[in-house]
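Each of the next two complexes has subunit A plus one more chain, namely subunit B in the first and subunit C in the second.
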Partner chain A sequence: METMNCNKVTKRYGANAVIKDFDLTLEKGKIYGLIGRNGAGKTTLLSMMSAQNPASEGSVTLDGENIWENADALRHICFAREISPSANQNSLANMRVRDYLKTASWFYPAWDKELAEKLVKKFELDGKKRLGKLSKGMLSAVTIIVALASKADFTFLDEPVAGLDVVMREYFYRVLLEEYTNSGRTFVISTHIIEEAADVFEEVIIIKEGALLLKENTTELLERAYRVSGLIEVVDEAVKGLKCYHEEKSGRAKSVTVLLGEGERLPEGYDVSIQPLTLQNVFVALCGMEE
Partner chain B sequence: MEKSMKKQSVSRTVRFWGGYVEKIFLMVLVIGAVYVLFLPVLINEDMKGTELFLLRASYAVMMEGIIIFVLPFSYPTYNLPLALSFGSGRREAVAGMQLSNLLAVGQNLLIVGIVELAAGKMAAVSGREFFAYAGTGFAAAAGILLAIAAIGQFGAALILKFGAKGTAIYIIVFALAVFAGALTVGFSVGTGQIDDAEILSMLLDAHVLQMIKRIVGVLLTVDVAAYIVGYLVLKRTVMRYEVRM
Partner chain C sequence: MNEILTQEKSIYLQIAEMIETDILRGILLEEERVPSTNELAKQYAINPATAAKGINILVEEGVLYKKRGIGMFVAEGAKENILGRRRSAFYENYIKTLLKEARSIGLDREQVIAMIRGQEETAEPEKQE
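Coming up: the complex of A and B.
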């Protein structure tokens, strides 16, 4: 399985389009970071890319084959959702961790039982415990185990580290990289804890209000993103003609985020401060609230 | 490759959907066994032999029949979102639901059949008399169970589409159907129309037997038709269902 494509995918709930004309290509053997603000459409997008929910328009294909109701394609995809066994989902809440994982093993043809058992121990999960009795962090651990042990070629994780303590988060990134190195699987990880995961993402996909804002190699993106600050007039002059985001003013000073385009260079000879940005800074600049 | 995929799909459907029904079936069987054991104490009547056996058996069958009614409640809260989130197709999930119904109805009929045979032995009825009596009882049980399964298909679609409102509608419709059935039986018993000896003599009358066969035949046809329509409605609903876990 080499590539997955979203072709003009749209998802509507009534008149409201949550995902709009989304085109995306995922290549084999990469870790993608999917970032966006709350309600941007990340989970909706992943649910359509795994055929868990139908698209209103457009299609998702795996090596050119539509994945909808396509058993051959679906066996290569795993979307490990955040589990939230609420009071209305008694049966799920009453399910024991070991039964949940056993059920998962029936559905994923390449299920790695040994890896699942190893991760249960590492995450200090009690197999006899019911899902409804688990903390948010432990539920995240169960989700991670399903994702990794599924051995699916295209694996999507929705907020995998939400609720995990820092030690477990570190362990998750380590085991994810190990699995990625050994198997060459493709991972898409949606997260709000951007800075921590930035080093893991080979490419970053930024989604804003249901539309694809940017998909780029993380290193290349950071190499062309800068914060330019100084006196208002000087900064305005220095960044003239460049694509600027997230302007912040403080008295006579201001700062802007600059994303250099192809062939563009940083301003020289101006009395301004130029600082490189982190992925989180770039994300805030692109998707944050304007002053 | 395709054959092995099909085998895999059948295997997980049987394990997931079939296993779930079996778990509930065994659970109800244990509860039912305890309940029917204390039935004479509960109803406070002095019953013996075949009469007590049949009463116990009919309660056991009724309790197991409840499974067919409750199955649709688990679809939106457990089976369907779980199966879809683990990569099952929707058609496969609908097939799983049909397997659940098949197992629930089939096992229930198996119990009915065993009860009929045992009752026949206990009452020392055999031959034509037994087939007239037990056969009609079996066909009637099949009709009732299939009717519950058909209502269940619509119920599952209602619950999946409308959530709590759908659940309420399903319960009301089902309660009305049970009430109508109970009213008919109760009225017949009350007016003395149902009496074991009378029924047996009626059943042994070729004309009456023919008429009953026709009625049961029509009822079963209506059940099957309702079940097929229910299946199509459920399939359509499942194909549009949105997973939210």
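Coming up: the complex of A and C.
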């Protein structure tokens, strides 16, 4: 399994398009970060890419084969979504952790039982506990275990670290990298805790209002992003002709986020401060609220 | 390699600098194997491609070399190599910034030189091996 493609995928609920004309290519052996604000369409996108939800238009293909109702393709795709055992879903709330994991193992021919057991211990889960009795963090741990033990070539994790404490989050990134370096699987991870995950992502996919805003190597993106600040007139002169976002003014001061295009450089010799940005800064500049 | 990563600078540059610093401090010796990209990835929770980018800089600069099938090793003369490059970067990284800041706060060249002399006289002579 080499590549997965979204081909002009659109998802509509009534007249409302939550995913619009989405083209995306995922290559084998990369960790992608999927970031976007609440309601941007991350979960909908991942559910279509795992055939849990049909696209209104367009198709999702794995090595050229449409994945919809395609059992052969779906064996290679795992979407470990957030478990929410609510009161009206008694069967799920009453299920024990070990039974849930056993059920999950039936879907994935390459299921790694040893890894699942090791992770249950590491995350300090009690296999006998019922899902309805687990905290949010413990439910996240179960989702992570399914994702990693599935051994699926293309594995999607939706907000895997939500509710996990910082020690567990760090452990998750380490065990993810270990699994990744041992197997060369492809992972897509959505998260709101951008900063601590940024170093794990080889590429970042930014989604805004259902559309693909940017897909780029994380390091390269950060190397062309700067915050320029100083006296309004000087900043204006310094960034003339460059692509600017997230302008902020206070009194005589102004600061602006610059994304350099190919071959562009920041001009030298101006009395301005030029600072590098983190992925979180770039995301807020691109997707933040307008003043 | 026990330092922590910061957000100030590209991660791959920090990885390269940490290995260089370890070589200067004698933590890594010439002809010794350095951690692999996968080991670095796990240790620092970073993508292996990023770690590889840092390692590759050092290979290009002749600080590390690859032994096929075994790993990356510290090259002979790596310490001198790093010192040489750091010395030439000293002007770019420190002197230029120093003079820029001095100019912007109205200190002239003589005053800066006087300060450096003053510091040298009061400071304890630093021991160099």
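The rule we apply is simple: the second predicted complex is superposed on the first by the 291 of 291 C-alpha atoms of A that agree within 3 Å, B and C clash if a C-alpha of one lies under 4 Å from a C-alpha of the other, contacts with A are read in each partner's own complex, and residues count from 1 in each chain.
Definition applied: a residue touches a chain if its C-beta (ideal position, glycine included) is under 8 Å from a C-beta of that chain, and two chains touch if they have at least 3 such contacts.
Nothing here was measured: the structure is a model prediction, and the numbers come from that model.
Of the two partner chains placed by the overlay, neither subunit B nor subunit C lies in contact with A:Ser59. Of the two partner chains, neither subunit B nor subunit C is touched by A:Thr10.
By the document's definition of touching, of the two partners only subunit B reaches A:Ile83; subunit C does not. In the superposed model, A:Tyr108 makes contact with subunit B only, not with subunit C.
Residue contacts after overlaying the shared chain place A:Leu74 against subunit B, while subunit C stays out of touching range. When both complexes are overlaid on chain A, the residue A:Leu92 reaches subunit B alone and has no touch with subunit C. With both structures placed on the common chain, the touch criterion links A:Ser183 to neither subunit B nor subunit C.
Of the two partners subunit B and subunit C, it is B that touches the larger number of subunit A residues. When the two complexes are superposed on chain A, none of the residues of subunit A touches both subunit B and subunit C. The part of subunit A that touches subunit C in the complex is made up of residues 31, 170, 173-174, 177-178, 180-181, 195, 199-202, 218-219, 222-223, 271, 276, 278. Within the complex formed with subunit A, the subunit C residues making contact are 5, 7-12, 38, 41-42, 44-50, 53, 104. Partner subunit B is touched in their complex by these residues of subunit A: 47, 50-54, 69-72, 74-75, 77-79, 81-84, 88-92, 103-104, 106-109, 146, 152.
Those residues of subunit B that touch subunit A in the shared complex are 2, 5, 8-9, 11-12, 15-16, 74, 77-79, 81-92, 239-240, 242-243, 245.
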